[in-house]
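My questions will all concern the structure given below.
Letters A, B, C and D name the chains as they come in the text, with residue numbers starting at 1 for each one.
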Amino acid sequence: MVIVLEQTATDEQIQNVIRHLEEYGFEVHSSKGVQSLVLGAIGVKPDFDTRKIKVLQGVADVYRVTAPFKLASRNFHPENTKIKIKDVEIGGDKIVMIAGPCSIESDEQVFKLAETVAKSGAKILRGGAFKPRTSPYSFQGLGEEGLKYIRAAADEFGLLVITEVMQISQIDLIAKYADIFQVGARNMQNFSLLKEIGATDKPVMLKRGLSATIEEWLMSAEYILAGGNSNVFLCERGIRTFEKYTRNTFDLSAIPIVHKKSHLPVFADPSHATGIRDQVPPMARAAVAAGADGLMIEIHYDPEHALSDGPQALLPEEYIRLYDELKLIAKAVGKSF
Amino acid sequence: MVIVLEQTATDEQIQNVIRHLEEYGFEVHSSKGVQSLVLGAIGVKPDFDTRKIKVLQGVADVYRVTAPFKLASRNFHPENTKIKIKDVEIGGDKIVMIAGPCSIESDEQVFKLAETVAKSGAKILRGGAFKPRTSPYSFQGLGEEGLKYIRAAADEFGLLVITEVMQISQIDLIAKYADIFQVGARNMQNFSLLKEIGATDKPVMLKRGLSATIEEWLMSAEYILAGGNSNVFLCERGIRTFEKYTRNTFDLSAIPIVHKKSHLPVFADPSHATGIRDQVPPMARAAVAAGADGLMIEIHYDPEHALSDGPQALLPEEYIRLYDELKLIAKAVGKSF
Amino acid sequence: MVIVLEQTATDEQIQNVIRHLEEYGFEVHSSKGVQSLVLGAIGVKPDFDTRKIKVLQGVADVYRVTAPFKLASRNFHPENTKIKIKDVEIGGDKIVMIAGPCSIESDEQVFKLAETVAKSGAKILRGGAFKPRTSPYSFQGLGEEGLKYIRAAADEFGLLVITEVMQISQIDLIAKYADIFQVGARNMQNFSLLKEIGATDKPVMLKRGLSATIEEWLMSAEYILAGGNSNVFLCERGIRTFEKYTRNTFDLSAIPIVHKKSHLPVFADPSHATGIRDQVPPMARAAVAAGADGLMIEIHYDPEHALSDGPQALLPEEYIRLYDELKLIAKAVGKSF
Amino acid sequence: MVIVLEQTATDEQIQNVIRHLEEYGFEVHSSKGVQSLVLGAIGVKPDFDTRKIKVLQGVADVYRVTAPFKLASRNFHPENTKIKIKDVEIGGDKIVMIAGPCSIESDEQVFKLAETVAKSGAKILRGGAFKPRTSPYSFQGLGEEGLKYIRAAADEFGLLVITEVMQISQIDLIAKYADIFQVGARNMQNFSLLKEIGATDKPVMLKRGLSATIEEWLMSAEYILAGGNSNVFLCERGIRTFEKYTRNTFDLSAIPIVHKKSHLPVFADPSHATGIRDQVPPMARAAVAAGADGLMIEIHYDPEHALSDGPQALLPEEYIRLYDELKLIAKAVGKSF
């Protein structure tokens, strides 16, 4: 932590700042400049609130010079994290495709879509049984019945299952049916939920919150890692900006940034990021070109009658055509699916 | 709902749009302009996803012309909502002050601060027993022990208690000790939690999410109201912007906007909005001048050793001085505390 | 400037960083912590691009610990700047009111509104002769004819004139008619224009850009100050956020922040910040309560036929009523108009 | 334009709204729904301020159902615009590469870099002679001397020249030396400048403002088109968000959106969007995959001593390697350079 003192700071104020730092357990170094005195405080704890120093008399500014996350940082864990689930490896050499419907709507629907997913060569089937909806009047998901459908469909076609956990009481239930937990954007800072998931050893995909910075996203990953669950990967799904022509702004630069700051794999979800079908293919292509470890894409054979997010779902044939294009781009950047 | 067709839309495309609208249960009116055909679709349901029409061939744009919330809207309930809790009325003629520490830290701490709160004339004591913290390494609250302390302190000084509920499993426990539930910014779209709180009849203060629009905030209130709990009031606490000199940007224009769109009372929390002590008084004054129904202010007699958010807490004497100033401003706008 | 090195930085990399710093003219101090080495580089110039160090091998992060502006900073000039223009003092004990139409539309219009402004007790008349419009098809202002009208009206009622300068070639012309230049939000970073205005000694009100941080705003003020014109004051007019119910988000916390970081007076423009008439009074009240040095309010006696921004203009009687309320709030915060 | 009336609107209020609409020249249609009356107003002019209706008594909401731009819209001009400059075609089948230094620093520097640009196969050389800098103390460019250097270097290697115009008085001078004008992000709404450039017939690349929506960007293009200059193309260069790990957020979804809404070609500038060298290659790859018509990349053979933006410049060998990768991605999406 670095503390810059006001040019007008008195000796008494400076001594008071140093006393506080020492009381908080820091080792203090000072460095006198032309314009201002700068203190270096060594030994900052991840949870130290730097405003405690900022409010002291004579302090101009305080900078935390180490990231507030540790287990999630590449410094701590220089090698890429690879998560092995049956025959699928996340974060390895191959890009991983997740596909399926937004919501599980019926036995038949998820079965038909699982067939498409398997045919395309993807390995993981998505589908929501418990849906976070902004309106209380919207379809809220089939619950356990839906979980049964997706597990059966996945087993039929040799796929893994990922599905969203919205509350603590669903963890045990979902663990019975799914291979991977998904934590949605709106729950990225549901710290109670993160802690409980950290106490399991089930792989978990943590989506970025709509207005979360990358640092906060990695802090949320830290919650799960700190609980002992090291099978965490991330998923960029668009952030909120003032742009109105898109549902969200797909922040693709988050992909190389996460790879630099952290060892965790990072996926991209162009379906939620753009919110509209014809934007999904160009943004999926861009995500592969930017280095994503995997993609998550929503599909539906009858999007007009989908119970949620139909307008962003690709038709099976559009999805298969896109997947073929993505394989070419992967090759162009030295990767494969 | 209004549908604008492309200038180049064919008759076939137009008939297809109309057929879809009718299939979704709308009554359709059309209006031919110079440049484009406009369809009016009557009978939109609150949860209708307008993108279902937007993706059809020949459609240029779709506008929802009614708010997606109903119970929370002033159209539905023209009179101001007033919530009566013992001798305190929220949303009535008087501005209501909530004060207290960020976290409950000890029996003594909350007792001393409750005394200050009571002496100032405020009626509601705040204090967190379960804390949502961005870092897993930060103080997470005293739990039930803290609830006991704050209840005892409030009873001693004739105050009401407000405290935050972070997860469903805490609802029953907190209901035993508190008079008002607080739903924090990071849980504003924790829909599972909102539904469960909607099933109680305990008054609830719903904070605005860091990047929530006012419409989304009112939709979250709708979740609670739709569950049958009509004792909801709101609290503006700052939104995320690109400005770096403040922790958040205090969106005071939310106050008159909420009063126009909704019948629910709206409070303001200058402590979280600004995040730093010397910004709290000017922003508290501004909130009263803007028409807030109440304020929530953090205080601490030893902010340097507070276990959370000490840097934004006012000292008891600063708080009492500010409260006196606020009374003058209230008077200037024809109100009182 | 503070440089944090990677934990894995080699001696060679560290020496390379130090060599670069010295080559750029810095005096370097180093401070070894438990986790990382921190370098303090003394003597940073206001225009030094810190990314030059950030890109070197072994560097984790770089922090500039002094503000990039100097002449605009309170450190450099601890006393409040007061700008005296005839009998009006900006930045002094009294709050200053600027009022008038958005655009000058006719001799009669500006004359009638000047009469209202004078009657209310305000001292400065606003009105645009050159208008920055987002559409090329919108009314672009009366030009020099408008300047003649506003000067004549102001002289008749003993008022000062403020009007916007949009391009360098207008400076001399406007200087003949106006007492104060206004630089609009969209020109806040029109550096060519700022430089030319810095070469005059005419007082200038610099509006904050729609997405400018306070630091960038003060850097733009620095451009004018660096040119030798010290008669600069600022005006907050709302920033862009994702909120859709308001035209912009009025960032009132900018007022106390500017007062802390800078010696320049800061005004508030609730008309542009909110964009709609019924939001203007509560936000004007809030601005006074937050400590603004002045306000700028748009008025029109026939807003329905105003050639620009009619919907945000107050009627003369609304304006006079509001001004009376503002005087009460000013009194409540120990100030006056 | 669509006007939704309040459920409580009286007949008198409704008649008043209709009278206003007719007075403003609209043809009015009405459509009675279950909950509310909706009026369709036909014949809206591009510059009509919808707030004029929104402020009338009884009006709940007003929606403009046609885009405020016309000449820039794909409706008006369904074919892609192609701009032919000597042997280069912008907006055609081939992706166009622009490369060169941020600032022109010397005869030798621009000559050496032009050689690299030509060797790579790119056709357009960039370089700033007049620099918009946030600090008045930063290098402001070589002016006409720089223009001479870049023209000479381009002629030597058969390249076109693009350079930024910051103010009206530079237009004639720059027109003598450059093939393409660049309008920078900070001048995107410098309407005076846009108008003057619209009066020339020189091709112009219009960068997106830091906080501009795509609609506003197209409105700025409309200014130039309305002046009679149809040789306009766009360039996405990152928008401002709350993310702190990147300089800006590169909004790649703007590329397919512009292609949908407009006929104008759209380029991408990963150097300014990311601001740091190691982010440039992944984002350049993503831009090609997303469908950009061209790229603009900054290069320097000695970035440590570059007078501006050195940290985001690629070394010549990095640039050439990247260009080769981009050709593979172009091929994967069915295009070429």
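The working rule: a residue touches a chain if its C-beta (ideal position, glycine included) is under 8 Å from a C-beta of that chain, and two chains touch if they have at least 3 such contacts.
This is a predicted model, so every value here is computed, not measured.
Comparing mean CA positions across the assembly, the chain most remote from chain C is A.
Two chain pairs, A-C and C-D, are compared here, and C-D has more C-beta pairs in contact (counted per touch definition above).
The mean-CA centres of chain A and chain D are about 31 angstrom from one another, to the nearest whole unit.
For the pair chain C and chain D, the distance between mean C-alpha positions equals 26 Å. Separation between the centroids of chain A and chain C, computed from CA atoms only, is 38 Å.
With touch defined as above, residues shared between interfaces to two or more other chains in chain C number as follows: 211, 240-242. Across the complex, chain A is touched by residues 20, 45-47, 49, 51-52, 54-55, 68, 132-139, 166-169, 186-187, 189-195, 210-211, 216, 219-220, 222-223, 226-227, 240, 275-277, 303-304, 308-312 of chain B. Of all the residues in chain A, the ones that touch chain D in their complex are 211, 213-215, 239, 241-246, 249-257, 260-261, 273-274, 278-279, 282-283, 285-291, 325, 328-329, 331-333.
Contact residues of chain B toward chain D in the complex are 2, 4, 6-8, 27, 29, 31-36, 38, 40, 42-43, 60-61, 63, 65-66, 75, 78, 240-242.
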